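Scrolling down, you'll hit the structures one after another.
The same subunit A turns up in both complexes below, where it pairs with subunit B and then with subunit C.
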Partner chain A sequence: MASAQGQFLAFDEFGRPFIVIREQEKRARVKGLEAQRANINAARAVSNLLRTSLGPKGMDKILVSQDGDVTITNDGATIMEKMDVKHQVAKLLVELSQSQDNEIGDGTTGVVILAGALLESALNLLDKGLHPLRVCDGFERACAIAVKHLEATSQELDVFANNNELLKKAAVTCLCSKVVSNRQNELAAIAVEAVLDVADIKRKDVNFEHIKVEGKPGGSLEDTCLIRGIVIDKDMSHPQMAKVVKDAKIAILTCPFEPPKPKTKHKLEISNAEDYRKLYEQEQQYFVKMIEDVKNSGSNIVICQWGFDDEANYLLHANKLPAVRWVGGVEIELIAMATGARIVPRFSELSSEKLGRAACVREIGFGTTDDKMIVIEGCANTSAVTVLVRGGNKMIVDEAKRCLHDALCVVRNLIRDSRIVYGGGCAELMASLEITKVVDMEPSIEQYAMRGFADALEDISNALAENSGLNPIETTTWLKNEMKNDPSKRYGVDCNGVGINDMKELNVYESLQSKVQQLQLATQVVRMILKIDDVFAPSEYS
Partner chain B sequence: MSGAYQGKLDAAGNVNPQILSEEAEDSRGEMARMSSFVGAIAVADLVKTTLGPKGMDKILKSADPNEQKITVTNDGATILKSLYVDNPAAKILIDISKTQDDEVGDGTTTVAVFAGELLREAEQLILQKIHPQIIIQGWRLAVAEARKTLLSLAWDNNADDEAFRKDLENVVGTTLSSKLLVQEKEHFIALAVDSVLRLKGSDDLKLIQVIKKAGGNLKDSFLADGFVLEKKISNGSVRLMQNPNIMVANTSMDYDKIKIFGSKVKVDSIEKVAEIEAAEREKMRRKVDKILSYGPNVFINRQLIYDYPESLMVEKGVMVIEHADFDGVERLSAVLGAEILSTFDNPDSSKLGSCGTIEEIIIGEDKAISFKNCQEGRASTIVLRGASSHLLDEAERSLHDALCVLIQTIKNKRVIFGGGHSEMAMSNATDALAKTIPGKKSLAIEAFGRALRKLPTIIADNGGFDSSELVSELRAAVNNGSKTAGIDMNKGVLGDMRELGIKECLRVKEQALLSASEAAEMILRVDEIVTCAPRKREGY
Partner chain C sequence: MDKLIHTGDKATVTNDGATIIQLLDIVHPAAKALADVAEAQDNEVGDGTTSVMILSGEFLKEAKSFIEDGMHSRTIIKGFREATRIAVQKIRDVEYKVTNHQSPEFRELLVKCAKTSLNSKLVASYKEFFAEIVVDAVMKLDADLEKNMIGIKHVQGGSVLNSFLVDGVAFKKTFSYAGFEQQPKKFENPKIVILNLELELKSEKENAEIRIENPEDYQSIVDAEWDIIYGKLENIAKTGAKVVLSKLPIGDLATQYFADRNMFCAGRVAQEDILRVAKATGGQVLTTVSEIAETSLGTVGYFEELQIGAERYNIFKDCPNSKTATIVLRGGAEQYIEEAERSLNDAIMVVRRAIKHASVVAGGGAIEMELSRIIREYSRTISGKHQLVVNSYARALEIIPKTLAENAGFDAVEILNKLRQKHAAASNEGRWFGVDVNKGSIFDTFEQNIWEPSLVKVNAISAACEAACLVLSVDETVKAAKSEQEVTQAEMALRGRGRGRRFRK
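Take a look at the complex of A and B:
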């Protein structure tokens, strides 16, 4: 570390060293251009990893977790999350894809690739001697131009026209890059139906809490279905209880069907036979009273967060009250919301107006195994829906769940904001062309950075073409040329090899919101990374 | 400069920063694909030799030196389940075979082997520089075509009871012929078909109970009428009863403690102890009285019954059976039409169950209780006998497969010819399809057909026959329009499957086809494997 020491040490006029950083030899430090280069390299490595997952011909990744569990996915956010990234700058990119996932739900791969491309072109500019902040400023200006242009050229769609055809197509575009693509039409229809069921069309809002995606390995993807209600992975507490309750009045309890356990510390001492008998009778009374309370409230099904005593369980059955026990807190709340029930913490507080209502509660079974689930359909208050995903194995089910989530997000975004841009790299290329057009008018040296931004945008269509087995440079050049000659054209990379480049005709589109978000997020992260000029890290040898 | 920041230098001298944690591994492109192919094919090859009527068994031994339990089996799912593998692709194959087991119960080996063969073909195609996505496109076309062919081969004899039974017998015979039970095939065919037909269309396997008793030989296995509970009747009770009223209960009959939290008995003299004791006895006696007021002849409890209540009941001539476990109680209540009671305040005999005869029987050397002519006539019990516990375990697995297949057949009704006929027909169909599709996809479709043909090839190989000769003969026969040609695995020649009675359940075959191609596709789509650093375990 001789050279490193030279960097950090200063000497006073008597030749004694000042200590600038304590235990400096125990830290690794890089600064200046060196730091930026190292950071950019790390970020590029991450984005290169995702590059092959982009587009309908993108490949999957196997991720083996710390405990040896296997995940197969091509969802950018999931890959990044499960990769267990250690490098600090790479972690920024992980967060980048996560924030895209939280905001928009789709385009998580694209945003990382875009950030990688921007960083690469930034590196060239830095090598030319541009100051990092000038580069950032240029990028931001270019980004603003791109966003404005996309907004101007976006198209407003009537998403509900023609039996929601357009929504379905958008969902298909999202699903076609996933492993479930051979069932894309069915799943897209399910996603659209689910979102429309819970959507508040007037306020253009969709509450995702009302859509639950449940997975159960077994069957095949075709068996995936939409259930207009709530599904809980539980069964009836007594094997002989009724399996179907029509016109259900649901009592939701958070107290166990057991003798009460006072929370104060106490001791109950029995000193003679009389007391013993009384106590026994008292205990018997408890159960009878509990059931009576439930019965009197007019309820015909009980959902309880806790367990049942054997005797109470039987009494419930004898009184024709089917019951479900050990239902989790989150599910209880969901059921309460959906059925309009109040969660009741004590038996004495049960009353008929606190009951939830649903058209039907039933228990369903699967395959040759013993698995059962409870389905609550036709809830009174809100139209909560559940998508029950089936698939050949657990990995397929998990991946299908992620895909459906993406598709649901896409549909929601279109309902919120029905402006769209075209996919297949088309939107990026259009933005790139627009930037190139105005960039020469720019008097300052940000001109270079803006040009760099335009170049980076082309990387998306390059990656798409590469993954589809086309010649990337040739394809991108041709597309750019076509669109430059006729600005009304919406050409993109023909990933499926159907011989058509017109994205309008192929119905490949994404919501404007998603694209704008991608551009803005990527630019922000790039700015953040470029602004770092000094990194201290604890050395490995400490 | 040193430390985490430096990373490695690649060949060009560029800094290749280390992004993942130290022990994490990352393999890409060809390397990743190679490792998943190798893993999946290795697993498939492992179970390959168990396929078909002449397949061999495997001994599975636990890795834990303290546990010397061994399993002898040729059930694919069982073998794969017990493997400890590290390769992610191999894990997928194991998973797919497990799901096949859960869904349809049979064809678990076929799934793994077929997926392995598909990947072997894919490896060749990738060497020819065909992109995995194109292979997948081709496969999807091929699967659709194969499925269509498979469905067209199937028939449905449901309308004709006798023919349907014949179908069922043939289907289960085909399943059993690759299992241990083959030596007593006829016996077990009758056993399985009878018990499943007794379900009358229900698919609840719980109603068929399998009891294993070492001793005797496989031939001594029998189908007991009704339900057999592996418990003893308590001392002093009668051993045989006709048309009894049976109460099934789940209540504590030991000392019936008071459940109110924190209660505790504290007395200050011996007399008081006696009083409390008397009160306790009194309480139990009242409980017994209440139970008796229902008028049962037989009392079955899930929990223990102490001597005192037992003697009270026996005095009244009630047969007492204690400690039937959860499953036993649930089955019993289903079979006898009884409710499981936990409180006894509303005497109502309609809650009691009944059956024709209840008696103690002896299987081998153990006593058991048999309930005959039950209300709910659908239940049955198969008692397996055999020389050793390993044999019995394997017999149970085979029987489970057979029962699953039967239930699937009854549900789905449609059957197809076995002996490699359906595979060959599908393979011919995909070959024909390949000729009409332009482009590289057709190579993938052809490969799919080859993988399908591998299944009869492996079965013939396992039987020690000349597979190339047999399979090509079969191919020609099917291509020339034969609807029944297949391989006769006993003689090693081509045979008429209708005459030999080799039939398979359509649903099982279809599910195997779909899940295997789904799994292969999934593995093929991977171009990168990132393995996180293993979690540090404490205590090692």
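Take a look at the complex of A and C:
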């Protein structure tokens, strides 16, 4: 860090440094163009890593965490999150993909690659001597043009027409880049069904908390199914209890099947055998009373947040009351919502109107393993659905869950805003063409930056072509040419090699909202990175 | 440009002068004096911190050459003070005043000031958007313009343009227990109970101990505890309130109780949010629920829980005596939002100042150029050494337009010369010419609506002068040796002597 020494300092006449900042010899400072270059390189290192994961032929990454957990994925947001990036500027990109994930749920890889491409073209411009702020301004102007153009050329679709055909196709577009692509149609159908089940079409809103995606290794992906109800990873508290309850009346309790305990510190002193016997009897009484309360309310299954005493467990079984114990708060809530039950904190408050209703509660086992799950189906005010994902191993299941999440998000976004643009790099190329068209009108030197933005947009289709084993330059040039000659065409990279480039025909599309978000987010983050001209850091940072 | 500063694990990206200085952790005494001035400016007016630093640095630079020529530092200080007096007076003379606070013109003025403040920030491209938000937010406040009454919330995700202003209070959904989802999430004209009370089944006194003589009594103790909590809940429900907020936790029992009665509750609400809700709804923060008076309940036009990005927010809108506002900021990265918040903070401060003193001057270096000209002219009327000092002060003021031009990537010398020529013109027309950072030339910044509250400028110039004088008036630094620590070579260098000249004889 010898070179970093002295960068901070002011010197006196004899060349001795002043100490201006605490522990300044331990801190490093990078300044000016050098800082920008270092930051851009760090950010690009990250985006290059993701580059090969873009598109239907994108590759997966294995990520091994510190404690040896293995994740295999090509989901941009997940890769970024698990990479544990140290460099601060690279971290910005991680957050970038995460905010795309939070807001849209899809396109997390694309946004990072776009940001990387923008930075690359910014670096060229900086080397030409353009001031970083002017580059940013140019990028922002170009971004505005691109967004406007995409909005103008987007298509409003009736997503529910033809048996939700379009929603399914959008979900397929999203899934085709994933490891589960061989089952894309089935999974897409599941995703669409799940979303439509809980969607509030009038308000155009989908509450994701009502869709649960549960995974269970074992079986194969084909066994993945949608359950119109709730699945909880628990079993009946007593192995001999009934495994199926039809017309279930569910009592949901948040108190344990145990004699009540006051919260105040208390002490019970027993001085003689008579009292002891009384105490024992009273305890027995409690259990009997509890079971009675449950029975009297008319309930035929009990779901409890806490544990049961062995005594209680036996009594429940003896009274033919199946019960599930140690159910988490979130699930309790979900069950209560779905079945219309009220959560009851005391046995004495149980009554028949506080019970939840479901057509069927059953315990299912999987394969030869001892794994059991409780399925609650046909809930009274059902709005909750569960997707049960099966797969060969834990990694596949986890990845499939992530893929489903993306697909769910895509479907939701289309329900919210049904305007679409075409995928396969088509939207980016169109924006790029539009910018190139108007850029010559720009009198100031931002013109250069805007052209840089247009170039960067092509990088998406380049990366797609590269990952699909095509010649990137050739493909992109040809596509651009085709679209330039006929602006009504929607051509994109033919990733699957079916010989068709018309994205309309291939039904490859994405929601406009997602694309616009990608462009805006990437531009904003690039601006932030370019605006940094000074980095103060601990000296081990480089 | 921005700086990226690491402190521990956290990185901050900012170009807010006060924030940079704070994070740098300056130890050099003279440098620290300057840093304090910037901080004072931040506290006093909230904007112009960078200007203060640049100005005082430039004053000192000018002073250095005089000191090297053997001029006494007192003479310099006197000259600087005199020049500052004239500068402040001149600002007062030329400032543009709006007296009618109700006129649309006044609002216009505020928006322009906010825009100018935002110009230099990361969110500059959205300045129109944010300026409106900031002005609307500040206008909501009552007469004393307490800044705490504007809340700024971050929600990562989305574009900056998805940020919005809530006329009232918004805060993130607090931790909730089972049963919360069954509560209704939307009310019109609900009454609100605001509590500083824990609603949970618990022992009433920490160290109490109960001795039970015989087993039959056991149940009565259990029941007694339940009665206490149920009593509290009933009292709340009886008031007819629909929304219950508490600073302390609201347990699962209470959550479910409220769910049963179609009420909404949120526990562990942050102190500042509670206070703002109280202020906005006209309610009072209660510490007990026995005998809740009708008057201590708050009320609000509309309450809703809303999904914003990945977070859920409780939003209180259309408050009857709304004296509070909340800005919800969106953005791609946390650092981005943080920087946006800092920028908005500056803008809010500027607008507040502008409301209190409805007078503005033109920004973009115009006022500095004008002052520079006037002070230069004035200097010619003085005889004696002061003339030199005052003249150098005039030169130092030009650093502001110069830096503006440089930072925008233009030829500073050329722009500065053009500006000097304009300002020197006999007529008054040229007096508001400043740097056009977009085109790299000069224009009338007053007409271009680059306005700053004159108070910011007055404060900046006087503070910078004071800081410079403070440093100049020091002729010796005595530093207590660090106890039992070796004084390193570098630290030795600190003990400079002489009038600002840092070498030992």
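Criterion: the second predicted complex is superposed on the first by the 525 of 542 C-alpha atoms of A that agree within 3 Å, B and C clash if a C-alpha of one lies under 4 Å from a C-alpha of the other, contacts with A are read in each partner's own complex, and residues count from 1 in each chain.
The working rule: a contact is a pair of C-beta atoms (placed from the backbone, for glycine too) under 8 Å apart; a residue touches a chain by one contact, two chains touch by 3 or more.
This one's a predicted model, so the numbers in the text were calculated from it and none came from an experiment.
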### Message
Let me test your reading of the model: by the given contact rule, A:Glu269 touches which partner, first (subunit B), second (subunit C), both or neither?
### Response
both
### Contacts of A:Val525 with subunit B and subunit C, given as first, second, both or neither
second
### Query
Does subunit B (first) or subunit C (second) touch A:Met59, or do both, or does neither?
first
### Task
Identify the partner contact of A:Leu279: answer first if only subunit B is touched, second if only subunit C is, both if each is, neither if none is.
both
### Message
Taking the superposition on A as described, I'd like to know which of subunit B and subunit C A:Asp84 touches: first, second, both or neither.
### Response
first
### Message
Is A:Ala537 touching anything from subunit B or subunit C once the two structures are fitted on A? First, second, both or neither.
### Response
both
### Message
Taking the superposition on A as described, I'd like to know which of subunit B and subunit C A:Arg203 touches: first, second, both or neither.
### Response
neither
### Task
Pick out the shared contact residues on subunit A: the ones touching subunit B in one complex and subunit C in the other.
260-262, 266-269, 279, 282, 535, 537-538, 541
### Summary
As the complex stands, subunit A meets subunit B at residues 1, 3-4, 27-30, 37-38, 41-42, 45-46, 49, 52, 57, 59-68, 70, 72, 74, 79, 82-87, 90, 179, 182, 217-220, 238-240, 258-262, 266-273, 276-277, 279-280, 282-284, 286-287, 309-311, 313-315, 317-318, 367-370, 392-396, 469, 535, 537-541
#### Entry: List of subunit A residues in touch with subunit C within their complex
12-14, 16-22, 25, 35, 39, 88-89, 91-92, 95-96, 98-103, 130-134, 137, 140, 205, 207, 209, 254, 260-269, 275, 278-279, 282, 305, 329-330, 332-334, 336-337, 342-346, 444, 517, 520-521, 524-525, 527-528, 531-538, 541
### Message
List the residues on subunit B that touch subunit A in their complex, please.
### Response
1-7, 14-22, 24, 26, 28, 32, 36, 86, 88-89, 91-92, 95-96, 98-99, 102-105, 131-134, 140, 203, 205-206, 250-252, 258-268, 272, 275-276, 278-280, 282-283, 330, 333-334, 339-343, 346, 404, 407, 511, 514-515, 518-519, 521-522, 525-535
### Message
Which stretch or stretches of subunit C touch subunit A in the complex?
### Response
1-6, 11, 13, 15, 23-28, 31, 122, 125, 156-161, 177-182, 201-205, 207-216, 218-219, 221-222, 224-226, 252-253, 256, 259-260, 307, 309-310, 331-336, 339, 407-409, 438-439, 489-494, 496, 501-503
